Every structure is written in structure tokens, then in C-alpha cells.
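In C-alpha cells below, several structures.
Each of the two complexes below includes chain A, the first together with chain B, the second together with chain C.
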Partner chain A sequence: MAAKEPDLIQLLLQEFSQQTKFMGAKAGNEYYLEVSKEALPEVSSYLVKHLRASLATMIGNDERSINGSFRLYYYFAVEYEEIFIVLTSAINPVEPAFPSITPLVPSAQWYEREVQDMFGLKPVGHPDPRRLVLHHDWPQGTHPLRKDFNLDSLEKLPSSDYPFGEIDGTGPFYVPVGPIHAGIIEPGHFRFSVAGETILNLEARLFYAHRGVEKLAEGGSLEAGLNLAERVCGTCAFSHSVSFCQAIERAANVQIPERALFVRTILLEMERLYNHIGDVGNICAGVGLALGTSHGNRIKEAILQLNQDLTGSRFLRGINAMGGLKKDISDQQLAALKTKLEQLAGDFTDLAEILLEHDSLIQRLRGTGRLSLVAVEDLGVVGPSARASGCIKDWRKVFPHGVYGQLEFEVAGETSGDVLARLKVRVNEVKTSFDLIFQLVSQIPAGAIVQPVGELVPYQAALGWSESARGNNLHWVMIGPGNNIFRYRIRSASYCNWPAVPLAVQGDIIPDFPLINKSFELCYACTDR
Partner chain B sequence: MLGILMKSWRVGIVTRNQQAKNRKFGRSWHIRHVDCGSCNGCDWEMNALLNPIYDLQRYGLDFVASPRHADILMVTGSVTKHLQVALKKTFDATPAPKIVIALGDCASNGGIFKDSYATLGGVDKVIPVSIKIPGCPPSPQEILDVLLAQLQKKVV
Partner chain C sequence: MNTVLTAVLQVILLLVLAPLVTGVIKKIKAHLQCRMGAGIFQVYYDIGKHMKKETVIANSASWIYIVSPYLVFSTLITATMLLPVITKAPLSFTGNIFVLIYLLALGRVMMTLAALESGSAFGGMGSSREVSLAALAEPSLILALVALAISGGSTNLSTIMANLALQGIGLLNPSHFLAIAALLIVIIAEVGRIPVDNPDTHLELTMIHEGMLLEYSGKGLALMIWDASIKQLLMLTLFVNLFLPWGMALAGGWLRVLIALLLYLLKILILSAVLALIESSYAKMRLFKVPGLLATSLALAFLTILSQLILRGAGK
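So, the complex of A and B:
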């Protein structure tokens, strides 16, 4: 526990002396405040409006077996202090409801709907209390994350219709798309309301790829949890595994060897590289510019092959361990990596130059799919999508993990919030990533690669994070008896960003939707879990 | 414009050389992808077949936008409860004769997600599967090898 709480906490406790109680700090920078559930909206809104905190994630937990209640944890990130303020409230099972904070803190909208589906806790006053994760055909009263949930009752789902929002008037009509799409894309259903070609409204119905990952982890070993973390999402596999490992390492309070941190940071950048370069190519695919697509995918493939050489996995699976790494990467391998990346960096610079000087490309991208800064802040959008709209936040800087704190780099940012801005942010981040890897390879120290994590005390919990190509991925793990997982909560970057897509496409035309969607490059697998 | 030409010229041919032994011309297969709940790892490896390194189109293989145009359904992921109907409908919409390929461990047998409340398991729980390609995920080269081997076999 920290010697003294930040002034911020004192301020909060004074302001809400009746409703809050300080419960101490965990994992170094997670400050827990017990709040009566009635006061949740008021305290949350104070945090956001007066202390410039932002809601980072929210976790529901069935703790009836420990203390007789359900419990909610709202994690607010206070970036300028590098701390989290955790508002936590017990919810008595006799009255499974709580006042929704969404009317005051809109970024809570999905979290609270999810808690309603998964735990049967009702967010009273939520402006859109429809189901989110579980589709409408699930029987009433099924809440998979309750500990007493019974799998057997669920063999077949009757089908029923989802109540989509409606558009009135003569002229507008609906265009339904998905869940199976025309390309090699993940499943989701999009309901466009259009007038002519112009999109008036878009509703995305997601969670088709809901695999129940969080529940699967419960009761299993930490190692099994790590395996799942690597399969939350294929293309952010490494970032997710770092977030999971970090949660465990923070809960156990172990120091990871420096070399392991360097390797992790290198691999996080490799993951960013192949994603961003592939995405630059895919944005070109959205406008039919085959040259950009081919070169983007060619360079991406080269990086995936380098990943294979370094770790044995194109998606960087199987190398991370709790407490460090499962295997080392030799200095010779790193030197060879540097040589190959130097060449690819040159290739990418050429490509970026061609694209950013390509008039017809720029004309398609400029002004298309604009997302405002207000929307970014209200919805809690993260990653390159936020940075392209002027919200210049990068968790590599604000909550340094790996060895980012020791490295020199600038955070990319744009202000126009359109597809072009999102492309430019990626182009600049690619250049930074190459540079970071060169710095890391030249500075990496020798030494051990793992510090074993011993047995953890039951019901300890901590948050882990990493900045992936799509934004920060946050994992929260609570340990149960026997060093097994009691609760595992995964909040991916895409989960935060999906609600922004319908806003960005309003007023654009349907043929631009694939382009706009690609510029966000959101993942369904890690959103749906 | 000159930049584009120079770039293409400098990079040259990158396509990985592959002998399609006894490749029968006039045979062409159209593949429709169905994601029924993957982690998207398998999907991206399938997507990589279109990059200039593997360039699957030169073998007479291609991905198509509709099951109505497809000879093969290539399915990824362990079937989620939310996608079982879509998978079945896609299968029904594919003209016979049709081949179903289960791509990856998840599609083959449910993989790491098979015991979840939200999934049914492998693709063969919902539709008949002809070929299983194991791996988590199988590499593009492995997928291509299976496809090319199949191309040389008799008509379905």
C-alpha cells in the first residue's frame, strides 16, 4: 500500500464523506473506494467532470460465495496521476439492481448492459436497457456469469427478433447486412436506415462470436487462463497475453526481469507493425487501390514470417509467461531482425509516400467517416481512432508498461477525425514502431527471462493492460482458491470503439461504409469474447 | 505515378513458387468463408492466401462473396449458439455438390472453446464436414497445400 494517498483521494473523500469509504490501495496504483450504490452516479460524474478521470473498464462479480453479495467495480483512469480510482459497490441479491451511471457517464453504456445480461443486475435508468451480449433468444433469467448458472438448461435457443430502432417517414428504407459478410470478415449484423444512398442511421448488432471466454476461464489454472487470453483475438493475441500476465504479476507483486520486459515490448511493437501495415493496405482495398493493398499485405506477411522465426508463432502465441517469458530470443536473432526490419521500413516509407501523394485516394478519404472529439470523449473511444480525432492518448505514455517508460517516442495525433486522419495516424505509428524496435534491440540487457509467480492469496485481484494496435486492452483477474481463476474480465479496445462507428457513418453513403469500417479496423472476436 | 511504377519494378516478383503438380486446367473452385465464432486467427491466415506471396487466384481458386457462387464452404471457429442458424442457412444456400472444409482446431472439433455454454463445438455438429485442417491456426502454406491436393482429386 502506498504511504500516502494522492490529494485527489482526499478531495474525493471530503466531497463525499457520507457516501464513500476508502478501502486502501491495491497493486500499487488501484485506489479502492467503497460507495453506496445510490451514490454511484453522483461520484462517477464528479470523477469525470471535475477530476478529468475516464471510465477505463467496469467489472461485475458474483461474490455471493465470499460475502453474500454481487459486486460492481468501476475503474476510472486518472492519467495525470497514473492511478486508477475504483468505485466499488455491493449489490444485495435480494434487490438485484443499481442506479445506472450511463445518463451522466455515457461511456458506461455497454458495461452496464453487459452486467445486466451476465449477472441479472438491472441498471435502473439506463437509456437503452436492451440485451447486449446475449441475443434475444436466450431464455429469461439465464445469466451465465452467475456462479450457479446451469449449462444444461441451454441446449437449444428458440429464435426471436431483435427490436431494432426504427426510422419513420416515407422514403427511408432499411438495408440489412450480415451476420455473414461478402469478404473474409468476422460476423456482425448491420442495419442501415438510408434515404437514397445516404446513411441516416446505423445499428450494429454484435456478439455473434460470443464464445463465453470469461466463464471458460473460471475455476481453471492461470496457465489455462493465459492460453485463453492468447485466443481472445488472433491479431491482438500478444497484447492480450501481456495484459493477462500483467494482471497476475501485479496481483502477485513480482518484478519481471528487465530482459523479459524488453522482449515483450519488442513483440508488442511487432504486433502493432503487422496490424497497422495490413490496415493501411486494407484501407486501400476499401477504395479499390490494388497497389496499396498488395504492398501492405506483402509487408505484413514478411513481418508475420519474422514473428514465426522469433517465437514459433505468426501471431506471437506461446512465448509469454506469467513473470516473464517461456523462451528467450537470442541476440543474434535480434540483430537479424533489425537488418530485415530496416529493409521493410524502407519499403513502407516508399509505400506511404505513394499513398499520401495519391490524389484520388486522398479525395476518397478526406472528410469521410468523421468522428468528433466530443463523441470520442463521451464514448471513451481509445487507440488510433481516438488519436485521429484529437484525443492524443496512448497508454504506452500515460500508463507505461513493458519498458516504454525508458524509450523516446512521440505520440501520433491528428484532428480531422476522418478516414484520412486514421490512415495518417497509423502511418506515423508504423514509423515510430520501427524506430522503437531499433532502440530496444540496441539497448536490451542480458539476464534472466522469468521470475516465477508463486501461489497467490485467494480473492486478490488486479488490472493488467497494454496498448495494442487498436488501443488499450484491459484484463482484470481475481484469483480464487487453489491458485485458480475466480473471475476474469476482458475489456478489449474494440469494445470501446464499436459504439463510435454508427456515429462516424451518419451522413456518409453506404458504399463508403466498408472503407470507414476498415479505417477503424475493429475486431469482433475480442469484443464478443 | 512514376513512384508507383518504380515501386513495383524495384520489388519485383515476390510470389512463393509452388508446383501445382498435374494441375488440371479447367478446374476452378470458388470458396465462401463462414466465420462461425473464431478468434479471427484462422480468418486472417485464410485472408493471407490472397496476398502476393501465396496468391491463391493463380491456381484457379478464389474467394467469392456469396454462398450461391461457391463450391466450397470454408468454416472457421467453434460454432457459437448465435451463429448456428446463419451457418445452416449458408450451407443450405450453397448449390450441390458442395464441400465443407473445417479450418483450424476450433472448426474441426470445437478447440479451446468447445466446453463453453455459448458454443456447440465443431462445425460437424451443425453441417456435414468433408475436410478438416487442424492447427491453431494452420499457416497459409498448410491451407494452400490441402487445397491444391484436393484440386488434383476427382470431381466431388
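So, the complex of A and C:
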């Protein structure tokens, strides 16, 4: 794409001429900078503080078979330039440690803990170096994402106590909740420190649903990788498959047909619709307002059935292909979709009107679970949760994928950061989604639906992304020999947002926690993978 | 006709009918929410199912945990005997509204103690919430009943209801409605329904009454579920018979008893529908706002007593 690198890169290279080396652009807009590991914190912090970049994802990779070392990739998104700056640093296996950037860039906290668990690379100076992904029944020194990890020789240890944070004083009580809950939800352990009903501190311990998806993909074909991507979680299946396909298409430098892009965009919006409408209903369930819950479920179910009619899968699995689509959706189907959605849009508008004028509901939502803009920016919160706190970023606008670049729409945003704001953002996004689908259906061109992706050069890598109902889902794929996957890294939106929940509940009361949690509506499965 | 026999029959009626009322409320709620809902006999099936299941008891639990369901059950039966349902109460010759209130309080104390026994965090949270709300709900209940007792000229429930019925249409004066409004609020709190508590929730952190039952299983759970529905019907009966006391068979033969029974069922059905409607159209209140609601009930009961004293003064 751009022949000359942006001024930004020049500026960075001048500032850190000793420690950095420009490695060229990959996949069009990924600018690689080789950085010595000692300089990582300094350069990262410069990127965030002076160039207003934000950490999008971080990837650890065992490249000992290629070049004899481990490698870290820090992906910084520079939204105003629509580029990524990738700080990459080789870690010598003799000394598997690197200086943590978390003290300067807090949003790196989980990434670095995960790299420590999965690769045995120690982030020196990390403020919270406890285990994250691997629970304590994993023996010390086992790092599953190392290439020489052997599952058969693994010995399972009896589970031991996890060192939870402590609160001093005589008043506070600990309330442990989960991982098994009274309702049918995903597993997560929540440790509340409370004084009476007021929450002083909350620690969430997750990763009970770790299935080793990234490891499973390694060495498998790209097609198998796509199948895995679609099954990372139930509610963002399509967004994950789009992100995966995009990563492959970007690595292969394939332009996919216009019609396929339109269909993908329509389906991304369908996924957003059923999620958001279901979530609006679920927020009502958090306060026992059955009216909102049942109508939310009714409309959500209608949309899931439309998904089934369009693609054969309620959760939109099995239609995406690398390079386009596996099957087309006919114009008659799209016309029928439009008619049905027009009716559902009317139903939802009525529901939203009732809910937003319902005093007893609004009283519960206003001021509950406030998340500050500072916390959002520090932790790198994404999606509706960020937009409700005044961080109005939507990757449909800032990094347009599909055909979002050609469409007209407003990004919803609120500033109060409470449950009510998150509800309003969703309500407005639902309205936008209906409108976008109507635009797409009327503009969709005829033509081919797939552009085959050929054999890829080994050790090529690229990032793919899409904005799901929870925020951007980022997939990074490195191709290995034989057109197989060498390394697959999934960073879901929920992964970024989980650390924000404990901050949002501080000072609220315990019975309001389910409501606050529902207003974030985070997924455990794609966080854990 | 045998008054003792009808009196005993009405106690049995109340015990047997109680799960059905819970089922009916659930069914009406389901219809209001565009759902099919479970059948109206579902609560009986649930109780039957739990009766057959194994009972698991926490290591930390003492005799209180095992005895509580039975004790709560017996306080409720005794309370039922003090309550005129379709005719005079079997124990109407002894005991009054205060005995009724203290029997309910005894049941509550046993239940909150039992919930602490298992050592689970949810039982403790349920108990602490139940007790702090009860500290506000009980005075409201006492005051509302005292207001009606002044109007009825006695503290004996059978006599109150008979005297209220004798006042004819004149009973429906502003002070009566004030008392009834006070009673309705406190009854919603006592039976654990929205906006105070949500009986259908699976969110363990928001539970009050359900939180106390979380660790129960088998027969204990079956009995606790039955207890809850008996208490609910008891409160509803208290409400309808004080609000609209006409039609009770305070004297007379089988035909009057039959008419009284039909009228009673109709009144309970209407009140159930009202509760289901309230429950479907409101969100649960924030826990710390519930005291405000109960304080409203208390204030209404106060106003009733004041207005009665003033009205009586004006009449002289």
C-alpha cells in the first residue's frame, strides 16, 4: 500500500535511533519495529503517551525452530493513521525474561501474565506476577504453548489455594461466589470483600473454560483453523470467523469480492443485533423486570431464526470462507430479510421506548456500576463498555473492515459510564444496525463470492479484526510450513473488558453485582479459549 | 352444623391450597410475559419431587438446621388456626393479632438461624437481609393490624372481621383504604415478591428469601417451599378478609359455608392477579431503597390511626 512509511515511524526512529530498527511494513499497514527488549517499556510508553497509540494485542511466539529465540509482538493501534505499529523483540531462551511494560502501559497486564504462563517468559517488574491462565494444578515449569510441550508427560497436581488479595481491618467479610453458580452460566469465581453489603474489592478468577484452542490450531490446516475460530465462543462466532479469515486474506494479500464483503457485513450486523437485543433483555433480568426480559428474548429468537434461514446456522457458522464465502445468499432471501427486520425494528423501538421511560428500571440503572474514562483508557476497554464511558471508538469506523468504509452511520456514545449508559449505547447501536442492514441490502452488488487463497509463504503473519457486539476481536495468524498454522493468537473483546468489571463494582452493593456484570455482558469462553 | 369441623377443614384447605396459589400466580405472570409457563400444579410436583430426594446436610450444620423446616411448618399451622378463612378460626377463643405476628416472627427467626448453619456465604447474606428488612416490616405490619383492630374494636381476628363486616358499605371510608394500602405494601414484603424480593431469580447475589433456602435439599427443601407458600396464602387471606370481610360464614349452615368458600377463592384469585401484575410491571428495588418503601407503609398505618381517632372524635 503506502510506499513511504508515515511520519510517525520516522519520528519514532529518530527518538529511539539506538534501540529500534525499522523492519518494513507487512500486510499493508502493520509497521514492524525491532526493539531491544530492554527498551520495550520506554518505547511503548512513548507510543501511548506521545503518539496516542493504544495497545491492541500482544503475542508471544516460540520461534526457536526458526531463529533460535522466543519473540514478543506488541501491536499498537494508531487510529488516526489507520496503522498498527508492531514492537517486536527477540527473547533469548537462555534468559527467558523481559522487562514488563505494565507499570507504564497498564493495559498490557493480562497479556504479559499470559505469556509468562504459556511460554515461561518472565515479565520482570510486573506488579501482579501471579498465574493467570494456568491454574495451580498445573506443575511449575510447564508451558503449553512452547513447541516442545508434551501433554502426555503432564502430571496433574492436586489443586492448591490461589493467593487472593487481602483486605486489612476487622470489618470486612469475604464472599466467595462460583465457579458453579445457581443459574446456568459460564464458570467464573468471584471473591468479594464486603463491609455489610458494600463491595470494597472484587477479584475475578477466570480461565476455568480453557480448552487450548490456540495450541489445538497449531500444525493444523487453515480450514481446521477456521472451524476452530467459529467455535471459540457461541455468541460472537461470526465475528471470530471474520477476524480469522481476514488475517489469512491479509497475509495472502487477496482482495475478496465485493459481494462477499457485503454479505459479511450484513451478517456481522445480524450478530450484533441478536446480541444487543438479548443483552438489553438480560439487563432487565438483572433487576427482575420480566417484561423487558421476555420481549428481549422474543426478538432475539426471531433474529436467530432469520440467521438460520439465511445461513443454515443460528449462530452464523459455516458460511465464511477464506477469500469470501462458502455459499451465497440470494437476493430474494435478502428482500425477505428486509421485510422481516422492518417489523422487528418496530417491535424493538416500542420495547426501547417502554424501558427507557420505566421509572423503576431507570432508578436501578442510573449511577450503578460507574466506570471512569481514565479506567477505560488505562485498561484498554473496548466496545460498548468503552463507548458508554466517553471513549467513542468503534473499529467499524477507525479500522473499517467489510464495507463499513462505504456506509453512513453514527457511532453511539454516552459519557456517564453507568449501567444506564451501557444500555443506551446498545439501544442506539441496535437502531444503527437495522439501518445499516437496510442500506447494505439495497446496495449489494452482484458477482462472485470467493477469491481462492493460494499457498502461503511460511512464517508470514498478519492480524485480522472485526468489531463484534462486545468490541473488537483480534486474531493473529502465523503460517508455518506446508500451509499449516504455526501460531494462532485470539484476543477477544471480553479479554480486554474483564479487568474493568472489578473497578466498576467498587463502592456498589453486592445485590447490584449481577446487574453490573450483565451490563458488560462478557463472554468467558473466548476470554479463556 | 359443626363449627369445629368447618374450622378444622379450613385449616386443611389453606395448607392444601397454598401451593396452588403460588402456581396460579406463576401462571398469570407467564401469560403477562407472553410465555406458556408451567402448569398451575407445578409447585405440588416440585414438593413431591424434593420429598423423594436425598437430604444433604453440611458438616457445620447443627440440630437447628434439621429442626427448622418442621418448626417453621408448625408455627404456620398454629398461625393458620388463629386466622378466620371462610368461617371463624379454630383457636378464635384464644390468641389475637399479636400472637399471630409473633408466631410468624418465631418462624422467621428459626429460618434465619438455619440459613447460617451451612456456613455458606449466601445463607448468611439472605439471613442478614431478611432480618434487617423484618425489623422494618414487622412494626409496619403490627401498626396496620392495630389500625384495623381499632376500627374493628377488638384484637381478636375473628371479632375484628365480624365487626368490620357489620359496618356494611360504611367500612369503605378513607381510613380503611389507608390501612389496606399499608397492609398491601407490608404483605408484598412479607411474601418476598417484587419490588422487594424476586422469588424467581437465579441470581444468588440478589436473593433474600431464596438465598436462605439455597443449601436445603430433600425433605427439608420440600417443607421450606411448602412453608413459603403457606405463609403467602396466610398473608393473602389476612389481607382479603380484612379488606373485604363480607361473605364470610361467621354463622349459618353448609350453604353459607359453600358460598363463603367460593367468594374466598374468587378474592384470592383476584389478589393473585394483582400481585402478578405488580410483579410483571416493576423492577426490583435497590436493596437500600426498600426501607423507604416500608417506611411508607408505616406512615400510612400511622395516618390510619390518626384519622380514626379524629373521625371518632368528630362523631361524638
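We adopt the following convention: the second predicted complex is superposed on the first by the 525 of 529 C-alpha atoms of A that agree within 3 Å, B and C clash if a C-alpha of one lies under 4 Å from a C-alpha of the other, contacts with A are read in each partner's own complex, and residues count from 1 in each chain.
Just so we're on the same page, a contact is a pair of C-beta atoms (placed from the backbone, for glycine too) under 8 Å apart; a residue touches a chain by one contact, two chains touch by 3 or more.
Keep in mind the model is a prediction, meaning the values are calculated, not measured.
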Which partner, chain B or chain C, touches more chain A residues: B
Touching partner for A:298 - first (chain B), second (chain C), both, neither: both
Touched partner set for A:361, first chain B, second chain C, both or neither: second
First (chain B), second (chain C), both or neither touched by A:227: first
Which superposed partner A:183 touches (first chain B, second chain C, both, neither): both
Which of chain B and chain C A:315 touches, first, second, both or neither: first
Which of chain B and chain C A:511 touches, first, second, both or neither: second
Doubly contacted chain A residues - partners chain C and chain B: 182-184, 291, 294-295, 298
Residue numbers on chain C that touch chain A, as the complex places them: 29, 32-35, 121, 125, 129, 194-195, 198, 200-206, 214, 279-289
Interface residues, chain A side, partner chain C - complex: 174-177, 181-184, 197, 284, 286-291, 293-295, 298, 358, 360-361, 363-364, 368, 509-514
Residue numbers on chain A that touch chain B, as the complex places them: 135, 144, 149, 151, 154, 157, 159, 179-180, 182-187, 207-213, 215-216, 227-228, 231-235, 237, 291, 294-295, 297-298, 300-301, 304, 308, 314-315, 317, 347, 350-351, 353-354, 357, 523-525
Residues of chain B defined as touching chain A within the complex: 3-4, 7-8, 10-11, 14, 33-48, 50-53, 63, 65-67, 77-78, 80-83, 85-86, 90, 112-113, 115-119, 136-137, 139
